[in-house]
Amino acid sequence: MAIQKLANLFQRLKGHKKQEENTYFVATQFQLMWWKFRKHHMAVIGMSVLGILLVLGILAEFISPNTPFTRDNKYIIGPPQLLHWIDPQGKIHLRPFVYQAVGTRNPVTFRMTYKEDREKIIPVQFFVHGDPYEWWGIWKTDIHLFGLAEGNVHFLGTDELGRDLFTRIIYGTRISLSIGVIGVLLSFVLGLLLGGISGYAGGWVDNLIQRFTEFIRSIPSLPLWMALSASLPKEWSGLQVYLAITVILGFLGWTSLARRVRSMLLSLREEDYVMAARIAGCSDGRIITRHMLPSFLSYLIIDITVAFPNMILAETALSFIGLGLRPPIVSWGVLLQSGQNIRAISMTPWLLAPVIFIVLAVLAFSFVGDGLRDAADPYSR
Amino acid sequence: MYRKLTPLLLLILVLSLMLSACQPSTPAIPMETATEEPVVEATEEPVAEATEEPAATEAPTEMAGCPPSTVADPMGISGAFPQQFELAEFEEAAGCELTFTDNPMFAADVAAGKLPPVEERLPAEPLVVQPYNEIGKYGGTLRGISLAPSSGTTEFFSFRMATLVRMEDDLHTIVPNVAKSWDVNDDYTEWTFTLRKGHKWSDGEPFTTEDIEFWWNDYIMNPELNPSVPSNWQAGGEPAKFTKVDDVTFKFTFAKPYPGLLTYLSITPNNPWAPKHAVTKYHIAYNPDANKLAEEAGFKTWVENFGTYFNKWPDLMDKPEVPTLDSHMLVEVPTTEQRIRVANPYYFKVDTAGQQLPYIDTHLESFIKDKELINLKIINGEVDMKAQSLDMASYPVYKENEAQGNYTVQLPPGFGGMIYAFNVTSPDLVLRQIFQDVRFKQAMSLAINREEINELLYFGLAKPSQAIPSPKTSFVTEEMSQYMAEYDPDKANALLDEMGLTKGNDGFRLRPDGKPLVILMEYAQQAENVKNNELVKDYWEKVGVKVELKEVTTEALRADSATNNLDIGVWSYTFYHEASMIGNPRRLIPPWGDGSMMMAGLPWAQWYASGGTEGEEPPEQIKQLYELTEQWKIALPGSDEYIRLGQEMMKINLENLYLIGTVIDIPGPTVVSNALGNVPQFTVQSSDYSRTVPFRVDQWFFK
Amino acid sequence: MIKHLLGRIISMLVTLVLTSVVVFIIIQLPPGDYAERYAYKLEEAGTAVSAADRQALRAYFGIDRPLHEQYITWFTNIILHGDFGVSFEYRRPVMDVIGERLGLTTILVFITLILTYGLAIPLGIYSAIKQYSVADYFFSVVAYLGLAIPNFLLALVLLYINVTYLGASVGGLFSAEFVRAPWSVARFMDLLAHLWVPAIILGLAGTGLQMRTMRALMLDEQNKLYVIAARARGLSEQKLILKYPARVSINPIISTIGWELSRVISGAPFVSVVLALPDTGPLYLDALLDQDMYLAGSMLFLMTALTLIGTLISDLLLAMLDPRIRGGSRH
């Protein structure tokens, strides 16, 4: 059923197709790519998801109703609060509201349970005054996108210390995404550079770089990570350490890309159109960027979009063995770790909410990658 | 945008539902049939064998007419020590003669002549044990979990551990165990112990004072195996002297009074004996070719090789050919997954019906690292007893699944909470000056909301308190527990203002030199509660003291602590119970910790240890503290002098707030299978009392 | 060809020696050593360990000598006697410890590989042919979900379901009573009851990545001129796809399949810890965390060796399958 609906949705989205045909032959390469990209509907959805995540990350302070360290003493390890529009009397409210939650502790198992007090209706308001914050350190205010006039609203529930999970996940978005970007960009630039030099120059340069690549490749990353995380200056905060390690792993993670770039260049070098360009007197730089690069762009894009989710997942995995980011830093991996137990799975499943964001981000990156690849493919029509 | 998002979300939801719903269903059936059966077989087998000798198990109670006295119903029989008797003592008190019977699993070997009959295997003077509730029956497999062969094993080890003397479940009476009796001279310098006549190792060889002499002369006093004599075997800086009197009597003589020896012996897993006949082959003093044997086994020297046969650290030994005095013994080489032990046919105890202990046939120890997997095994009833490394946070899960897992959770008090020690000898002289100011520490203590910590992290079951040892400690008072332990942020702010620590623009206080006051709080994940540290950071920042929280590896933390490089020591209050303090009050003197985690004041400790040549000279009150400690060590535990000295030591500690505490008496969830009989209410849950040793696992049985 | 092969083998050996040195250093980099870790465990258990005791432990474990000396002894013993040293944790020869788990790890890796490639290759081809169809999206989402959900979390959730709703025993590959039992029908059934969780999790994780690669490569190939030419010749679509673009697309997958060989040693560290699988994964992770030097060093050494051998095998396979490469052009 859901699939049928989805298919319908795609049918509707296909409407754009017509006018492409007319302008096709005068379009620039990027226009062509964009049109082809749009054909991959999941990629378009993925792009939107990434856009939303990006906005959430940038505007974290404003969008979240609290700060990640605000503790709500009256709502400890409380479940997600539901939005209502209709009150018990059947009256419809224009402004959504939540009910006051009343917590009791089971005297035998000590488990907290919350009940909605249907008498106490608290409307959710927009642009309310709440915890003061400094937006990226430049703008000091206490206006939040939404919240309650008094007290707190927790759409995704709270953790053991009563901290709002929604807020924490949004702050985590900023850290998790930015760390992925840094690591990936670094290894991308390095891979492109070294692979490019190796493939284009050939000879002893190629040989040297290849041996070096093989050597780096053969060092397993897990022990390296352990060693590095332990040997950075102790004054560095946990975030700095992690950033440093991301950078270092970025420096080590370029090998597969470099290999790919090299082998592509090697085979492209012999192609007729490259030969033609060379005879026409094009400079090496121009041949690489204008003639060769576009033809293997698709592979690079796959590598990059695979690398992003890998970075995000690596962060969660390393948090799992206590080597990644650690509290009080708030990242998806750190948040997920506090849900990685039987207690959370059986009693407080909302602590697993970060996984939804991780899955969304990874799916989005993967589909955008697929879309870009399809778009960049020079053979497809 | 959101409209486009919705179908994707829907799809994810549908898919994940499908994933979880369809896959598990097929293999479900074989799983259920496969799991339970073999356990039943294992427990029933010995019973089936017993039919060959039907009289054996039934006989004793009726024929000899000895009353099956238990702790619950002593039947009017009592002895010199609670819950146990010497054979003669019991027979006299009960007016009967005890006939011995044994586990039917030995019957075949006895019949085949591989094992002598039970009367010959037991010592001439066996220990008669009063079971808690009822006379037990033989059989079953006790399943427990350790983290790895050398990690988290103390609990499982305590199931079978035979100590020289034993701590009773009231946690202060010490009773005979392997030793039949002991004696001490008036000034506590000469301790005499007597073993049981005819006591045998699990391979049937006699256990005598030879084995103790060997342990002392060739193990403890061998500089290659023990570069220095363990501190527990020294008094006044000199090692004890060992004297072998006869086959069953030996003496330890100390240079200074050592009243704490008995307590130490009752809780240590490092027993003072070694199976001489089985291990001399690997010892260079007895076998010149010992190094060759080591090389054949893949080791460099005989020291390494010897260590696998006999070691001060019991879990380094995994050789089935090395006999034991414990209730269960190794019969095959362990794998990386499991260790199996079976009942020791030469165990020295019988119950009041004359049945040789232990009741339980087999001990099965599985190695599992992942905490959540352990929790799953518990709620699934795959563990018979587990308490070590279970935390309070998971208590609701254990409790709610009691019926499913067929177990009961007990909550005996066990642990001290997190403690914080500002480094009063910080290399940063400005920080040092601040940390030595008692007003600062008072403010920091008053800023902590202990009630809230208790509520949030321990369901209100612990007790908010200043940093003190267990309240059961003889020299600890309620007043100490409440010293500067109330929550009063206003007073804290006032104290900090009074010190001149003014606030900067960002609301955080500045040091006298104008730099921001930032405390780098390094902690190790293993040191318990990350959340506790997050809360404390929150409290302190509310009174303007900025805290940089950083998790590091245990090794990195120890490295920093060992070089006096911490701003603040963070650890849980280990060595919390009185028994573990005797001879070494680690938490009361600098560095307020042990060799691996010095909390603060390391240069002072170095100064004292080196006799004033290294480190830094401590202030007067610390010197006084050291002096009190020396006197306290030679006072008889529980005596007025001992209590007075203890209280003075506590007073110096509290007045200077070297340690700032949060809560005490955190309960330790203890899961015990309902299938087990004779399991008492646990009065403590701690390695300080060797886990289950006071609760006599050798008389537990499967109902 | 033979000269080329010889050159490869020599450069492999050089890389192997170099990495073994680097690896040995890396293991040492974090502060502390096994003696420290061990002392910590003892203290956790309530046994006091003095500084002298620590030194004694160091001597006992043979790690009181300088690093280069330890390395040289270790490495020469490997070369001369095939002796990889003794594991500190288990106090047994390293090869014994690894060997105990090698069989089951191989089975697990084999099952995982079959699942991964068995699903990924056909699904990737199908997705590419039916680009932008509902089926394409559906398979992609499923495959990417496998990639996206953190393995260790999924493992825990599946275990929880297995316990609470199916009442099965938890973790490992056998129930406790079957671990040492001889093979029997009951033991085999017990194995099956435990095997499905790891199989799903390990299989699913790899499938996403491989399927994605396969799909992308297929899309690249299927519009190339030689395919169009073949189609023009009137080949049936099915035959065409399998004979031309699919065959070409599979090359890059084959060129990396050799790397999977090293998984026999590394196992699946994270998932296996959660599932308590008796494969080499937890052994590897613990050895690293505990600085169980010879065990960790030997495992890393073997992994490197297998990666290099795997790459070689992959290249040889490739040469066998692809006439262009067989022709002797540079790889």
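Details
Residue numbering begins at 1 within each chain, and the chains themselves are lettered A, B and C in the order written.
Methods note: contacts are C-beta pairs under 8 Å (C-beta built on N, C-alpha and C of every residue); 3 or more make two chains touch, one makes a residue touch a chain.
Since the structure is predicted, the reported quantities are computational estimates derived from the model, not experimental observations.
For chain C, the chain whose average C-alpha position is most distant is B. Set side by side, A-C and A-B show the greater C-beta contact count at A-C.
In terms of their C-alpha centroids, the spacing between chain B and chain C amounts to 38 Å. Note on chain placement: the centre of chain A and the centre of chain C lie 26 Å apart, centres being C-alpha means.
Each chain gets a centre from the mean of its Cα atoms; for chain A and chain B, those two points are 45 Å apart.
Chain contacts: chain A has residues 3, 6, 42, 230, 340-342, 346, 359, 363 touching two or more partner chains.
For chain C, the set of residues touching two or more other chains reads 30-31, 141, 145, 156-157, 160, 164, 273. Shared interface positions of chain B, defined as residues touching 2 or more other chains, are 11-12, 372, 376, 379, 553, 555-556. For chain A in complex with chain B, the residues that touch the partner chain are 2-3, 5-6, 9, 42, 44-45, 48-49, 51-52, 69, 71, 73, 76, 105-106, 108-111, 160-162, 229-230, 234-235, 237-238, 322, 326-328, 340-343, 346-347, 356, 359-360, 363.
Residues of chain A touching chain C in their complex: 3, 6-7, 10, 39-42, 211, 214-215, 217-220, 222-224, 226-228, 230-231, 263, 266, 298, 302, 306, 309, 313, 316-317, 320-321, 336, 339-342, 345-346, 352, 355, 358-359, 362-363, 366-367, 369-370, 373-374, 377, 379-381.
Contact residues on chain B toward chain C in their complex (touch as defined above): 11-12, 15-16, 19-20, 23-24, 26-28, 30-35, 37-39, 42, 141, 143, 148-154, 224-228, 230-232, 267-270, 298-301, 303-304, 307-308, 313, 316, 318, 335-338, 340, 364, 366, 368-370, 372-373, 376-377, 379-380, 382, 404, 526, 553-556, 558-559, 574-575, 580, 584, 594-596, 686-688, 690.
Across the complex, chain C meets chain B through its residues 30-32, 36-56, 59-62, 83, 85-86, 89-91, 93, 97, 100-101, 141-142, 145, 156-172, 175-181, 186, 189-190, 192-194, 196, 200, 273-276, 278, 282-283, 286. Every residue of chain C that touches chain A in the complex is listed here, in rising order: 11, 15, 18-19, 22-23, 26-27, 29-31, 131-132, 134, 137-138, 140-141, 144-145, 147-153, 156-157, 160, 164, 208-209, 212-213, 215-216, 219-220, 223-224, 266, 269-270, 273, 285, 288-289, 296, 300, 303-304, 307-308, 330-331.
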